[in-house]
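Consider the two complexes below, in which chain A is the common component and chain B and chain C are the respective partners.
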Partner chain A sequence: MTSHTRLAALAICAAGCFTPLVALSHAALIEAETAQAVRLHAFYDTGEPMSHAQVIIYAPDNPVSAWGQGVTDRDGRLEFVLGPETGRWSFQVRQSGHGAMVHVEVGDDAPVVTATSSAQSWGQRLVMVALVGWGALGTALFALARRKGRDASA
Partner chain B sequence: MHLPDGIVPVEMALAGYACTAGLVAVALHRIKARPDPQAEIPRVAMLTTVFFAASLVAVPVPPTTVHLMLAGLMGVMLGWFAVPAIMVGLFLQAMLFGHGGLTTLGLNGMILCLPALLAFGLWRQIGGRWPDLAAFGAGAGAVVVAVAIFATIVLTGLPAELDARAERAAVQVFALAHLPLALAEGVIVLVLLRVLRRIEPRLLPHG
Partner chain C sequence: MAQGVYDKYYNSSYDRKALPMIRFCLLATVATFASFTAQAGSLTLFASGEDLATEGFNAPKLTKDGWALEFNRITATFDQITAWQTDPPFMAEGPEISGVALPFDGPFTVDLVDADDADRVALATVDAPAGHFNALSWALVPGDDGFSLVLEGIARKDGQEVSFTLRSTDSVAHACGEYLGDARKGFVTEGGEADLEITLHLDHLFGRADKAEDDEMNLEAIGFEPFAAGGEFELSLEGLHLGHVGEGHCYDFAH
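And then the complex of A and B:
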């Protein structure tokens, strides 16, 4: 074995010995911090989820330009972490011209959620339809009575 | 198919109010010119209720759900009266059900009043000669025109931060889902006018 060959073998052995040490020197670091997150659930008033709807997020200090965007999942849900700004965050969920906006107050205390609109039960809706129908019927009868009165006087 | 608040830019909402105000003014002028406008009030009142309640009738058309519009029926049955009737119905729907917004009331008025007037025009042109064809065309055509106006407004008013391609695809799916509704509304108007022709022809616009 020549001196060059010995030197090469020695270099290879040294490299083999030190390589694991080099790999182990990539230590893992973790930084953990708490943050306020928002969980959205968007659905139509028929109960159907707004699947894959687009979400636009507006920060409290700039309610005109979007702070961030997202897309809901198949169930109409989306979770994300807010920035450090405190105040009223706004979230608009929209899909094919339909959508709604929700505002969330974020401050030093726990966030308070305010919903866009309360979902009405079918009972409430039927009462409303009945009331409007009653109003229309009254209008119709009133107009008919006036007409009959005019015809009679003529 | 109602535009809610916050979906379109403020300028578009204001333009919608301006256009609808003009349309309502023209309609009221035409109504006033009729010999006895008050005679129509009972029919207008009842059909306004039908229009108001129709938005609650949801028809599942996978992957979405559509609801009855009845713009064609309103146009054929009420003529120019359809404009104030639809506006009252839209206002009540927005206030009581949250269907559509108050800021977008003008645009929603355009979306439904224009097809209603087109249906009225179609009925007036060919309703006397081909009543079935005119009735079906008015009912179905009104839905198609309303969807076209709705899609145009939505796509024109897209905010820059929105993914336009995804929204366009969603609008296309939404428009396709309305094709069965167009057929259904065409049949509704056709059947209703046939029944009226048989039992009470005086209620027909050409009765």
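And then the complex of A and C:
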């Protein structure tokens, strides 16, 4: 749990102590948390996207076994949320018997990173990986107290 | 040797009180060497022409100009082979690789048609330090017969059947990145076994009928039509980029 999460949880608990029970019983909590996300874009040097290419992801703490996998969309893009592990994440993109591997170093204070992988001569495969939505915003908690119950008791 | 040292000290005027210490030292030495041995694993290198070599070009995987090919033999000679541990990972964007090098003795001449169930032919196994071998350099070189690559077989199309032999004397060096395939390869662990693969993509030579005509590979591939008369032909490998590591690419250059 991050410090932001702890603070937010503490705030909610404190608020609960001073809120009438009837109101609390109708409260709805929506938890939204930003996380480190990756946007991958795979295409050929002609600009043609690597549509529906297989993407296999390897985490820093286990580079042998796949951490996750997915398929690029028709524009050659795939977005997903990384795990908390820091270090070298590897992304293998394969299509029609050809592939490319790119690596991204992710640290605690990692900036947006772009990596490319290319092949020699004709039909070069280019894969760009960028970290987006880095979790600087921490955790946001929203407490929405419906006033219906309180209004009814009024 | 160890026993000789033991006897020398035991039979000499050396104080027998030192015997336990000598014994301890000998055991420590043996343990040290055993430890080094345990830290090393092995790395086996394979070569493959994939199923296109072992099974040939059959529908729908005909050549780009519609020929079915059956190979009697595909002999290739590989030399100057070195597996590498590179950090940052080598991305096959140039000829130079730097890192921890593990050379293989060569040359190796193999028939890629006479392969195992996984379409691979073993070249050699060497002791290796632990780590990820994520790059491979190798060269296709002329063998004892003067040819680096020989493809011999039968081609069929529309009731026509021709025998062919394609031979190349070209030397092509390759600097390859990480092996790409269904599983990552090259991870040597203590006492473990790992492997790497040199892969020749024959569809870069003949093209593929099951791919689009304007596919980059088909645009560059020779196809079989230039050899349709049958017989023996000299083959240039320039610009074909046959050499891969699985589906991973290599930087290749005339050698």
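Operating definition for what follows: the second predicted complex is superposed on the first by the 83 of 154 C-alpha atoms of A that agree within 3 Å, B and C clash if a C-alpha of one lies under 4 Å from a C-alpha of the other, contacts with A are read in each partner's own complex, and residues count from 1 in each chain.
One rule holds in what follows: a residue touches a chain if its C-beta (ideal position, glycine included) is under 8 Å from a C-beta of that chain, and two chains touch if they have at least 3 such contacts.
Worth saying up front: this structure is predicted, and the values here are computed from it rather than measured.
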Per-residue touch tally on chain A - higher for chain B or for chain C: B
First (chain B), second (chain C), both or neither touched by A:Gly83: neither
Touched partner set for A:Gln69, first chain B, second chain C, both or neither: first
Which superposed partner A:Met101 touches (first chain B, second chain C, both, neither): both
Which superposed partner A:Gln92 touches (first chain B, second chain C, both, neither): both
Chain B/chain C common contact set on chain A: 44, 92, 94, 96-101, 117, 120, 125
In the complex, chain A residues that touch chain B: 44-46, 48, 51-52, 54, 56, 65-66, 69, 71, 92, 94-101, 117, 120, 125, 128-129, 132-133, 135-137, 139-141, 143-144, 146-147
Chain A contact footprint on chain C (complex, rising order): 88-89, 91-93, 132, 177-178, 180, 184, 187, 201, 203, 211, 216-217, 219-220, 239, 241, 246-252
Complex contact set, residues of chain A against chain C: 44, 58, 63-64, 92, 94, 96-101, 103, 117-123, 125
Contact footprint of chain A on chain B as seen in their complex: 1, 3-7, 38-39, 41-43, 45-46, 48-49, 52-53, 56, 58, 63-65, 92, 96-99, 150-151, 153-154, 159, 161-163, 166-167, 170-171, 173-174
